[in-house]
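The following pair of complexes shares a single chain, chain A, combined with chain B in the former and chain C in the latter.
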Partner chain A sequence: MAGVTWRRVTLGVAAVYFLVPLAIAVWFTVYNESRGFSLGAYGRIVSAPGFGESLLTSLLLGAAVIVLVLLLALPALLAVRLGAPGLRPVLETITTLPLIVPPITYVVGIANALRGGTDALAATPFWQTLISIQDEDFPVVLVLAYVMLALPFAYRSLDTGLRAIDVRTLVEAARNLGASWPYVLFRVILPNLRSSVASAGFLSLALVMGEYTIAALMGYRTFPVWIVTISGNDGQLSVALSVLSLGLIWLLLLTLSGAGRKAK
Partner chain B sequence: MTVELRELRRSFGGTVALDGLSLTIEQGELIAFLGPSGCGKTTALRCVAGFERPDTGAVFIDGADVTRVPANRRDAGMVFQSYSLFPNLNVRDNVAFGLRVRRRPASERHSRAAELLELVGLGGFGERYPHQLSGGQQQRVALARALALQPKVLLLDEPLSALDAKVRVNLREEIRRLQLELGITTIFVTHDQEEALSVADRVAVLKSGRLEQVAPPAEVYDRPATPFVAEFVGTMNHLPGRVSGETVEVFGQILPLDNAAPGEEVDVLVRPEAVRVTPSDDGRGFILASSFRGSIARLRVQLDGGGEVLADVPGHEAVRLAPGLKVDVTLVERPVLTAPRTAVAAPVEPVA
Partner chain C sequence: MTGPVRSRRRGGGAGWLAAAPLLAVTLIAFGIPVVVLVVGAFTVKTGGLGFDNLSATMREPYIGALWSSVKLSAVVAVAGAILGAFLAQAVLTSRSGLLREAVLTASGVLSNFGGVPLAFIWIATLGNSGVVTAALGLGPGALYNFWGLALVYLYFSVPLMVLVIAPALDGLKPQWREAAQNNGASTWQFWRMVGIPVLGPSLLGGGVLLFGGAFAAYATAAAMVGASVPLVTLQIADALTGNVLIGYENIALALSLDMIVIALLVMAVYLPLQKRSSRWLA
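Up next, the complex of A and B:
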């Protein structure tokens, strides 16, 4: 019984710690001493210039990052697991690097590369490619940067999932029954990894929806950048934005984890 | 469909798994690859399945060289040691997996799956998921799945080693029954000699990637080609003997030699069932221990001159031949194998 009480107390303290500030924040956004109760702050978000565009940009970036990071990490993980188990520590170290290198380093590196590249490629057809990956509405260069940042999370989620199944035997059983490699990957491995793929996807999305440094310094208007820009001069609006983005990410989390659970 | 292994060599780093293995498996035959772990039996099987490529040598299935054919285009169904059913698919879809890969219509897939599940005694289990089945049931499903495409060859990689003793015996009988019924050429890899001897048409005993002997079970047991086979298959007594010409003297008996003796002072290899034990007050030893196994009792006899002999006597004699009894030991008169003299003349019980 003491254990149960202890658990309840801990849960209660944690709930207070998390929920009270949230509740106060929500209260702040909907109540004003002079005007009383109003949802005006939320209305102002939606009508604020750039809301839709920046949100769309971020969601598109998120989707692209998820697809790319999965396409990159999953085959690599499988190949190492099946073909060169000795390389696992190497892969683990490589995928940890993005966590260690500070984002500002990326920005400097990417900016230099782009500048140098623009000069070097000015006379070639690749110059056009270089320009188009920096497109305002869908900056491919950000996708590449975010894939790097998402790699540690995706790698760890997928690795946990692969650990739970006997990959080699499943792959060999499928190969033995005539399955090609793509068939093995998409029809045998992926369905058995759904929840870890979902969590890799969610973590990547959460990263993209919250990343400010790189996008801001490179001058792109992603959702987090837009939040900072728009909220500078309106206290209520900025808190409403925080609440909204929190709610949005929770919603996405629930959707993704729901999709992961359905598979079981 | 015959399977031919020709001069297979394969090494992993410094360890040699296959060292020039050559063997032909006849149409409709069940051959067991038997040997201690690391003898290359699984590597040989994986070369046939296409999961390993030999460094040199070739694999022929039905006369065609398949050494370079990828695993998914070989016509060989395989059952694995560990449970290999796809956890996200139910039993029916597991069995029909190969048909699905080949884009056969749903009706054909379902009827074939039902037919095969019936064959392995799991009719009505189609809607269940692998985690709802026992180990033995899972291996039955795996067997049905391997047979669904009517492969030319069936490959069994220690399919029973994860199962309980009783299930193991039942399932091996059933595998044999199915194999005979379908007449499918089968390679059965095992480290369990009893399993190999009881189901196979021929047993191939491997050691260090080489073939020691391939012969019908009774011949492997009765006339082992090498001391290794004699040691690995069944239990052997090592008794000190002295060779003269074509005979060897052991326990005061003169027995004909079965192989070329490796010297004058040798170990004579004698099966426990070829040792006779009779109560005798002036016998040359006494019974040290007796372990009753139902149809037989295995006695450990301590010899007066030092050393021990294992002897199998009919179970009903176990009461009469109790530990402590003074006995005489004689050997059944038949040709015996000899091996180089080992330091201690003690019988060896195999680990398996």
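Up next, the complex of A and C:
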């Protein structure tokens, strides 16, 4: 009997703590004392200045991060299994780095490196490269930073996927039949890894669509940064955007688990 | 004899080649900023190397912010680990597949929910003109202090703990409990002598993850409390964006180095634990 009681109390307290703020947030966005019920706050999101541009920037960044993270992590992970086990500790260390270097300290390092680099390379052709990777519409600096932050997630999901297939046999069979390395990678390994590639991709996208600290402190207008700047003093709009971004995470995770199930 | 050896060596070389792009990008995108950060932290105003910046961060107001960040993260880690473990146990033992599925999915969503949107939702609830604040007749500022911040951080920390601890709780075999009961152990004795020692590594590992998440959090605090709760992340952002006197840029670097050292110490606890707990999850 005591077991049932503590369980009910725990679940009840958790339900209040987690659901009440959500319910209040949703209520707050659709009800207004002077105007009654209206979905206007959600309508204002789409028409707010900068919505399309910032969303496009973030989606482009997300696509670049997904492609790059897969292209970097997959060959390295295959190599670990095909004759370079010594790489594993190196990869484990690399994927632990973002846990040790918090984003705010990472952005301090990046900003100082860029400032120092721009001063030091002012007279050389590299200066132009440094300037162009900081382009406002498509900041390559952010892509690289997000790739580093996304690596741990991608590494773990790809590693889990590779554990389920016999990589060595597949690769040797394909190579013996005359397949080239790109063919092995794209036509033999990748189709067997569909669900873990999907999960690596969605986790990377979720990261890019939610990261605020680095983008904001470097002055880029990604979607999460835009959410904050546009909210300003429109309380209803800011909460509507919060509900929307929670919905976005939920949608991404739902697609993620759906993709995982289908591939199984 | 030489054949296999040579072919393995060749495989190894090709392996490192396949990993070369990853290693190169890591060196550029992570190596350069971290080296710049460390060198900058030790660069004093005269241009030479020294400990001036780091010793400045050991004085007020910086040491207070560092201490307050560590305290907040520790509170969130301990409370989040305990509450998350209780919630996970309540859900897993409820025998309702639907509840289990719903809570685990919601935990996945909420553990990823942070930043400014999280702050907005709590401001609408418990802020100075929040709905609950008005309903309960709380005074202003109920949310904008140390404990308010801890309450908000638990909103993503408890779900993360549920996700971390659920596999370990699933690994607690019912037979162990039956064996303990048959030998006359009370519920408390079972938990003290079997449950907690088996869960220990996962509990501690989860706690470390929560500590790291709360320690690194910046956007939520910036949107909620501004400067009323001193935190090291807020101090670093102020120094970086020039909200302080000129010449304090290197203080941001030194504070960053302090943060990395603290995170490193905490992670040093976590990594061996992760290996130990994985034994029970097999």
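In the analysis below, the second predicted complex is superposed on the first by the 221 of 264 C-alpha atoms of A that agree within 3 Å, B and C clash if a C-alpha of one lies under 4 Å from a C-alpha of the other, contacts with A are read in each partner's own complex, and residues count from 1 in each chain.
As a convention for this text, contacts are C-beta pairs under 8 Å (C-beta built on N, C-alpha and C of every residue); 3 or more make two chains touch, one makes a residue touch a chain.
For clarity, every value in this text was computed on a predicted model and none was experimentally measured.
Engineer: Touch check for A:V20: first (chain B), second (chain C), both, or neither?
Structural biologist: After superposing on A, A:V20 lies in contact with chain C but is clear of chain B.
Engineer: Name the contact category of A:Y183: first (chain B only), second (chain C only), both, or neither.
Structural biologist: A:Y183 contacts chain B only, not chain C.
Engineer: Mind working out whether A:R7 is in touch with chain B, chain C, both or neither, as first, second, both or neither?
Structural biologist: second
Engineer: Quick check for you: in the superposed arrangement, does A:F138 touch first (chain B), second (chain C), both or neither?
Structural biologist: Touch partners of A:F138: none, neither chain B nor chain C.
Engineer: Check the residue A:P103 against both partner chains and state whether it touches chain B (first), chain C (second), both, or neither.
Structural biologist: second
Engineer: For A:A173, decide between first (touching chain B), second (touching chain C), both and neither.
Structural biologist: A:A173 sits against chain B, while chain C stays out of touch.
Engineer: What's your read, chain B or chain C touching more residues of chain A?
Structural biologist: Greater contact footprint in residues on chain A: C.
Engineer: Can you tell me which positions in chain B touch chain A when the two form their complex?
Structural biologist: These residues of chain B touch chain A: 49-51, 70-74, 76-78, 80, 82-88, 97-98, 101-102, 142, 145-146, 148-149.
Engineer: List the residues on chain A that touch chain B in their complex, please.
Structural biologist: Listed in rising order, the residues are 165-166, 169-170, 172-180, 183, 188, 191-192, 263.
Engineer: Would you mind writing out the residues of chain A in touch with chain C in their complex?
Structural biologist: Result: residues 3, 6-7, 10-11, 14, 17-18, 20-22, 24-25, 27-28, 68, 71-73, 75-76, 78-80, 82-84, 86-87, 90-91, 94, 96-97, 99-113, 116, 144-145, 147-148, 206, 210, 212-213, 216-217, 224, 227-228, 231, 235, 238-239, 241-243, 245-246, 249-250, 253, 257 of chain A touch chain C.
Engineer: Which of the residues in chain C end up touching chain A in this complex?
Structural biologist: Residues 8, 11-12, 14-16, 18-19, 21-23, 25-26, 28-30, 32-34, 36-37, 40, 86-87, 90-91, 93-94, 99, 105-106, 108-110, 112-118, 120-122, 124-126, 130-132, 154-155, 158, 212, 215-216, 218-219, 223, 233, 236-237, 240-241, 249, 252-253, 256-257, 259-260, 263-264, 267, 271.
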